[in-house]
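Structures follow.
In the two complexes below, chain A is the common chain; its partner is chain B in one and chain C in the other.
Up next, the complex of A and B:
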């Protein structure tokens, strides 16, 4: 007894002020993650007695689920979501993996250019790609159809391309998922030493036998991971289906959720019931990806110093190059051209003549109060979310690696949980949590801030964690034994060494935040609009010229950030 | 006087197994003691307890008679006036060599010309004065090691702790730095604790060696004592090569190996006859005499002679390494200088001196 008492006293005396900081961080994290999840589940089983009010009486039951999963109207979006996800997944893995193989293992010309192109198309907002492809392949005014008519002399109503179809949707979605698969597969291939392949050759296997027997099984986990990531992305994306599938008369799950939320009667319950299975599917996908990568951990054996022996493609070099560049051209060059040209034309379809050129659309976006306000909101939110997220993620990484509080493993887990929460699902949870007392944030920028912070916390955490892992604890211990206390060590040793990681995680939050749509679309109000939502508004009004001007601006900002990131951090900053 | 006393020190990480079990050790002012043992023996735990990165579950740590750590009260590392040299060197990559060395002085209240003077002097001692403005990234492993030494020494610590400081260096440099560290200790005489798993490092550097195993101290003594008079089977095996002979004590100085072979051994006063003991006999303390050279045999100097058969012989350049069998059950490893090589199958006389037969606890 006495021993316990003296120990407790010792703890109390050893208590240092930094413990408060750690505790606050832990509490914030729990509120951030557990809050919306709790309200999402609660809404899904809440059946209001009266329609149309937020604060209503009601009871709990499974009615929402029964409604959503028996009504044909709602089953069709589920069906199409599955079809589209699998199609996009397979298509992008086929293309992305071949591109990665060509870049990593053959003497294809300009591999660096293909890598850079993939990175740039990775950071391009998909909704700009969708808008651009409407300009390029819309059935009536699409440039490609104009070219078709001009070449064949067909009548003004005939067309061969129609982007407002399911194949069109799959095509455009795949364009922006391919770079993701490419990056994953490339790192998988780069981690396999050529020695493993050489060993197979020495043992008597030919090139093809080696590829099938050695290389393929080794990259299989990476390919599987790529397939899952691609399917997941396609399942949770809102913008592209909203722009292409809805005009085609078809909902997918994400667009159906928005329809629930925007309907006149209060259908948050249906939206939540619709979203929960999506959340579960996402969790399963993430889990199976971890499982696949974890079990085949040896895919990363080999290391950087591994010698490369490129496959000679001979006469097919340029063909391979053309095949690799084609998807990048479709996701980057053509859309950039379409948006750039449309943004400076007086009338859409008026032709590219001097008399039809104008800067009025740019003038409009910077002078119209609502639009310029949304630009300001976007940049402010991006900077706020990036700053807060960097600090929070950095803290969590520090706490979990230095084991500063009990349950630090749980904190690290919580920080990566949002990876499995689709943006639109998160938005329902936040909407339900913050539209009522005690905390009403709906209608302010704060709810968007929380959405962005939560959504991009995992990427910031992983970046910080990796950066911190390279700081040996002995660097800190050495400073302590020489006389510095914990806080001084943190400021003088840890933070300076941690700087590059912090900058990287700031950029990795800022970049996706300024183009975020799937959460924003449920959480904005007229007082709190952001650029992506404004772009969607103008798109739905048919104002492709304004969309283009805003899109060009967004791409310029993104490019600017990417260049800064390259300058500060070097080529590898997007490894994670 | 910076004496360091560990009294009854225990530490457990999981609450069940003891990483450190009731360790007692007194280190005199200016003495360099090496903690030697395999990984997991508790040597690093001991060092981290002394440094203050952990708190003891039981026992006390005293410096100059003042308690600095006990279960109820523990000074944080920054208030212990110690220095430590880490396995990874822990040189801060964002500071120049000069700034690295200057860091601790600031916290000892030394600045300005005094500090500059001390830093210049210590960098001279470790031969780095030309590199003061460089960053660590531009330095070799050996140079980084010297920076770590300079940074630890410049603050004139009451206690200097070294955690396997040479284990990341290549073999040649490691040998060179051993002598360097001993030279610096002879110059500055800081009370030092040196953790290592390398016995020859401990032999060269330490005034006394403390051999640890499974959280306990096996034996503390000068390098000669540890090597020539090991107390336990573990110490005899861990420090140097040895033949461990099993058998039964049949008198205070008689050890029966079975098969009619009885060795004379040096009696150990603290080992009782009813204890399980083994006998340690170093391979190069044994002499082989070929039948043809019997006339030169030095069996007169107290050596006992046994007849044996050479089973194997390996040539190592500087030595010959034999496997010799005496009697039915006893195989001995014998190391001899080259020349006059015995062939496998040859019958030889095996000469063993009672002084070299050390009784050790069999534990």
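Up next, the complex of A and C:
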């Protein structure tokens, strides 16, 4: 300790970097958030008059909004986005909350397994699930439909599952939102002591009556928060609709936005006009969620002070277990099997025979320059975004918690704002902002880096914030009194103390970054392809074999990261 | 506009290589080696494009072929977007949408270049004005899965495809994404009227992005029949042992030519020319032919099982017409098929 203090003292005399840090952080936040938002709004009111190949001239007006909100072609994606978000929200809250209740409050067998399963399906990229469900539940050749025909002896044209429908889309989307609701509801439940439930039991109420009459009202705010998160996720997701809704002949807002951006005509304005209402809806959802949760924000976990006594399910224990495992089986086991098998088959028609097995698809993804380059890009970007995001978020959290500068609330606010910016909306903003002078980032990894950094800054910020809260400022004050400046104190006192929080931040940025698609799909160029984009490309070429091989690889990487995180941080690292 | 593009290109120094020699002269190998690589924006199916690149790279010419493979529509859009951002990565464009080539040529973004030996190619394989040459061509054909469709039900006319019995069992690719679908659909609408598209959309076809994907849908048995796929892709699936078959409607089949051109803004102009020369050489053209494509080189030998070009009744369309039809087709498709 003494050594540290002497060292910090020596550095303190050099200079005090507070002002510099503040400036850098502020500038970064402007580049990451303010710039893209400004250009998003600007594009949305820009009406092109003359569109040359390179130069576009036009005037400003509300024409884009009028076009988007009066043309039936564009109203239908809006309508379906609303339907899908609400359906997925309700479905996943119903299932996710029941699962959470069963795990937190009953004597269900293997609760740890269910928790781990939920965590694993939470980190599984949804687009892999979508691709796998095409293999599983395509109406004609889906595995499950084969099973159905084999069991019932139905004719070759009959089927019970058709994944290329809106219900199919809602089902697959819900599979990957359920774990999110599960985690939120579980932490809500863990927060509430079971004294009241015990009282209800003692007074003679049964398991069901207690759950409905006591537990449910207590967790209602958490459930509402879960519903909003789930609906928001479903509104802004691009990958699953791109894979399932387009073959079904229906756009949702995100896929329509990409269609605008890819049009031969200049339709960036229409895309922006489509994106702004999405942004506003997202902000409203986040705001109402805050209202519901009070001032706790993301930190739904406090101490685990209260004891909990499990409700006895009796004979229903195994039924409950089966019901909890079903959605996990559908989001994890079946997809993994579908992708695993497809990735080693030579021809689709050949079936599972020894002569039809091959490793050529794996060989392809590691030897094809474009594909292996994208794997490298993905890992590099993930590491870059995670490192920069952790540092930035840690710094902002530190500054705002310790109230170091005036306007610290503003910095904290800016670091939280991106949570309400849907990925594809952010991408249009970045695209509009950084494809023109003075800063041209399009065509480089940097624009993707900024997208990932912005998108995942809030989660890192909240993690750091929660971790910092547990560190009492007295140690820092001690160093300050001895003459160390803020930066030195931060680096040598604070950082070592909240290492775990920083590592958690890093992982929480890295994991979603390596599967990010909704921003990447608009921002990638030839030199800057990432794995998710390559997977979508191959999916759109119908190359499910290569999609499967890449999917298996991505799943293995994710699993690897999860195991490392478990090792370092323990099971609770996702609880932020 | 031309001046503008040229200006940009000159400013970024990419035309230095050209400045020393007339645009129509062949590439200089020494300079190409210095350039180090050639970037090929190509819409040809990935395994084939990759094979072309790999074969070329094995020759160790001193510069590498770098492939960027995507759909015709996406490649066009991407190049335009990159040009707007003053990013010039692409040396060569090769897609199946000849309309795009006409648009770009009018903007003056291509150099005039006739790859070595192409003077002996049939006229249909050479673009007007010498800005582009057709690298490969194929027919846009309907096809079916032989385990799903009974012999008696096999269509003999394009109009047979509109029978309600195919409802929900037919797959169709998207004209905004796929150049061959854009051109193929244009010819069919020209032949049979807009009614053809109306009736096709009544069948509620599965809509996929790429024309390549329609074949995989058939192969997987997820669709019984497709209203149009690229013949070369089908040829390869059949060669692989998949249970699919080509349909040759009596009215003929749209013939889709896929041009190739070198950008004025090419950052590796010499490498681009040398690579182009190779792509049109007998060796490269023979690879394309083995993969089920039709080419202009008179010396190639078509593989067994390939329908000779002379046996196909071809529908054709000029790039001008294809350009005119492009947006109406895309918009009508969007309205009728929903996406």
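As a working rule, the second predicted complex is superposed on the first by the 521 of 576 C-alpha atoms of A that agree within 3 Å, B and C clash if a C-alpha of one lies under 4 Å from a C-alpha of the other, contacts with A are read in each partner's own complex, and residues count from 1 in each chain.
We adopt the following convention: contacts are C-beta pairs under 8 Å (C-beta built on N, C-alpha and C of every residue); 3 or more make two chains touch, one makes a residue touch a chain.
Here the structure is a predicted model, which means the values were calculated and not measured.
S.K.: One more residue to check, A:340. First (chain B), second (chain C), both or neither?
M.R.: neither
S.K.: Between chain B and chain C, which makes contact with more of the residues in chain A?
M.R.: C
S.K.: If you stack the two complexes on chain A, which partner ends up touching A:493: first (chain B), second (chain C), both, or neither?
M.R.: first
S.K.: After superposition on the shared chain, which partner residues are touched by A:479: those of chain B (first), chain C (second), both, or neither?
M.R.: A:479 sits against chain B, while chain C stays out of touch.
S.K.: Considering only touches as defined above, state whether A:525 meets chain B (first), chain C (second), both or neither.
M.R.: Only chain C is touched by A:525; chain B is not.
S.K.: Which partner chains sit in contact with A:213 here, chain B, chain C, both or neither? Use first/second/both/neither.
M.R.: It touches nothing on chain B or chain C.
S.K.: Of the partners chain B and chain C, which touch A:63 in the superposed model: first, second, both, neither?
M.R.: In the superposition, A:63 touches no partner, neither chain B nor chain C.
S.K.: In the overlaid three-chain picture, which partner chain does A:277 touch, first (chain B) or second (chain C), both, or neither?
M.R.: A:277: touches no partner chain.
S.K.: Name the contact category of A:247: first (chain B only), second (chain C only), both, or neither.
M.R.: second
S.K.: Which of the residues in chain A end up touching chain B in this complex?
M.R.: 3, 6-7, 9-10, 13-14, 472, 474-475, 477-485, 493, 496-497
S.K.: Write out the stretch or stretches of chain B touching chain A in their complex.
M.R.: Residues 51-53, 55, 71-74, 76-80, 82-84, 86-88, 90, 92-94, 103-104, 106-108, 151, 155, 161.
S.K.: Could you pull out which chain C residues touch chain A in their complex?
M.R.: Residue positions touching the partner: 1, 4-5, 8, 39, 41, 45-46, 50, 66-71, 73-74, 76-78, 80-87, 89-90, 103-104, 107, 109, 148, 168-169, 176-177, 204, 206-210, 212-217, 219-223, 240-243, 326-327, 330, 334-335, 337-339.
S.K.: Once bound in the complex, which stretches of chain A touch chain C?
M.R.: Answer in residue numbers: 52-55, 73, 76, 138-141, 156, 164, 245-251, 255, 259, 262-265, 347-350, 368-370, 435-436, 440, 442-443, 525-527, 537, 540-544.
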